[in-house]
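First the structure, in the form of structure tokens, and then the observations on it.
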Amino acid sequence: MSVVKLDGLVALLEGFPALTGVDLTVNAGEIVFVKGPNGAGKTTLLHLCAGLIQPKDGTGSILGHDLSSERTEIRKRVGLLSHSSGLYRDLTVLENITFWTQIAGVEQSEIDSRIVWALERMELGSKLQNQKVRSLSVGQKRRTSLAVFIVRRPDLWLMDEPHAGLDQEGRQIVDDLIEESVGAGATVIVASHDFERVANLSTRIVTLSGGAVLDADREGNR
Amino acid sequence: MKRLFADIRLITSKDLKIELRSRVLINQVAPFALIILVLFGIALDADQKSLRNFASGLFWISVLLCALMAISRSMTIERDDEALVGLNLSGVDPLAIFLGKTCAIAIQLLILEIFLGVGIILLYRSEVEDFWLLVSTGLFACIAVSALGTIFGFLASGLGVRETLLPILLLPLLLPVLIGATRAFDDALGVAAINGWNWFAFVAGLTVILTTVGAGANYLLADN
Amino acid sequence: MTHLGYLLAGWGLSSFIVLLYAFRLIKRGAQLSKRVPSEHARWISSPKQNSG
Amino acid sequence: MTSSITTASKGSKILGLTSLVGFVVLVLLAFFVTDPDIRFHPETGEEFGQFDAVRLLYLHVPLIAVTYLAFVVCAIASAGYLVKRTFWWDSMAHAAGEVGTLTCALVLITGSIWGRPVWNTWWEWGDVRVMSTLILFLLFLGYLALRGAFVSPQRAARPAAIVALIAVLDIPLINRSVEWWENRTLHQKSTLSELKIEDLTLFTLMLGILVALLVMSWLILHRFRVAWLEHAEFEQGIKTAIEERRQIDNED
């Protein structure tokens, strides 16, 4: 079953055609590496797949939901790790994760265990947990965003430069997480400039250029 | 329904917690309110009697100006690191976001109103004749202001000119609230021989209407 | 005629403003028409059809 | 005006010409044929009334009528947009909103000019209609400002429609509140009923409303077409931009 199915998709960003006609199919369990120069439309593609943008033209479906009319459904099931942290600066790490877990509608009985799991997984120790996000380093902030990202357990992982700002150890955690998630039935799309690293991780490499797919059939090194 | 209330509480308490930490209200908006009161006093070059007569109007104008700041701040919280995107992806009912943020703004405004109320009593020597009229009008009017303010905050959010656009969109629409609340206060402070409770009823009606309109507009505004 | 000044001001100003606005609309329309292919101007093919 | 393309069509030209002719007839009637408003006090026999200032009402009253009509059209078109989500409704709302704001400004100007000799003031606080009209004007200034703040007209459509609807819904509330605010109004129950409404006066007034309607239709029609073209130009710009981006694509 294809998790992502895009057909001639055009998307605008403030009147600029960021995507000029994307055809792309991603099947369940794939780890797709989206590469391309700056401004190729990688970020917009991820936002589109997350159901955040109303397509201008073309058709598409994500996780079986129509991209034009059922975007609310899509949003509930995808996770988006974007450039900005998506965190509240004046709340602590723990408060942020707790808020985002609760607001995502995770079962009450499961909330605590999930939070503990996410914090452990991202190696956010108890000292860090009580620090305000404002006072964190770039890497620590990224780890917190990742913890918020995984705690929801999305079916489709959309990750924009997941390794950016992380140290060697942090990058390894991200790689492991991606591996595990696919084992657990998720599908992953990673946009990145870190060719070596992500190519080794992915099952397929998609090259984006000028807002369209240049090549979607290259195999990854996984 | 239970989920809705839980989500509203979550969002409201989150906003209030952020406010407690960042202290924008206490450190910036409250002094601003105080400055307005003082400036009015100086600019009107008024004797104590006319200040007392104008007190309710000046009070509500100050509330409206502070509300603009509170609304702006409330939107900035969600915009700074794109937390709003996360809220949209969380699958939470847009109504919960709207009501949650409205509640948070309303609570902050209420605190400001208390502060300003003490201000006009001390600075303008206003005398309270009907305490409960004062309280009920203050409560309802600030809900109306917050509800409409939240909607227009969302409407204009993401626009570079939000700070300048918000006042011209919001203030004319709030004129009925301003008039109603001012007249009710006039009676409560004993500067006009009118039936303030009638004006309170008007304000309460407006609050219901405007909050409903806001909730409706919120659904239209939420992407689908 | 009493109040002639007021009368002229009221009628004159109003007509002037409307004419100015109308003139600017026509100018803007002509400018845009030059840049946009005429198939978008539905009123040309079917002039009887009002408002688009 | 040979083959050059404009927003004019045969229909709009006829409409425009009719408006012009109607306006000339209206001016003749308002200024030369109708009588000034002069009345005599039943006891003292003193002259009173609006005298020739009444001739401003043949302009002021029709302007009020079309202003309210334009805002109603704007609200209906906005609702239409929210239901249908098509550009036609959005353009109509935009056109009606802009023309309505223009006529609303004229209502305020002519009202003020009329008020000076008749009420002895340019501006009357506490008069319900004066205040409500001013607030209405400010509301729609905000509406137009909101539209102008968006880069892409498509993204402006929904917020603008919501603002227009809220604004129009707010009008009765504003009206109520101002009316109760100061329980007084200079406008008598109706300014007109106070006049000797003769057949000719009434006819001139009706003609005025008709002419104003024609002018308003002409303006909205052309504003709509401009909006339509702006939209087409925007779409065309996107098309070219997409093609350009694809070109770069192929060069890679």
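Chains here go by letter, A, B, C and D, matching the order in which they are written, and residues are numbered from 1 within each.
Heads up, the rule we're going with is that contacts are C-beta pairs under 8 Å (C-beta built on N, C-alpha and C of every residue); 3 or more make two chains touch, one makes a residue touch a chain.
These figures come from a predicted structure and were not determined experimentally.
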Result of counting contacting C-beta pairs for A-B and C-D, higher pair: C-D
Far-end chain from chain B, centres as C-alpha averages: C
Intercentroid distance (Cα basis), chain D paired with chain C, Å: 14
Cα-centroid distance, chain A relative to chain B, in whole angstrom: 37
Cα-centroid distance, chain B relative to chain C, in whole angstrom: 42
Distance from the mean Cα position of chain D to that of chain B, given in whole angstrom: 32
Full enumeration of touching chain pairs: A-B, A-D, B-D, C-D
Residue numbers on chain D that touch chain A, as the complex places them: 151-152, 154-155, 234, 237-238, 241-242, 245-249, 252
Residues of chain D that touch chain B when the two form their complex: 82, 135, 138-139, 141-143, 145-146, 149-150, 158-159, 161-163, 165-167, 169-170, 173-174, 176-178, 180-181
Residues of chain A defined as touching chain B within the complex: 50-52, 54, 69, 71-72, 75-76, 78-80, 82, 84-91, 95, 99-100, 102-105, 132, 148, 152
Chain D contact footprint on chain B (complex, rising order): 151-152, 155-156, 159-161, 165, 168-169, 172-173, 175-176, 179-180, 183, 199, 202, 206, 209, 213, 217, 220-221
Chain B to chain A touching residues, read off their complex: 3, 6-7, 10-11, 14, 17-18, 21-22, 77, 80-83, 85-92, 223-224
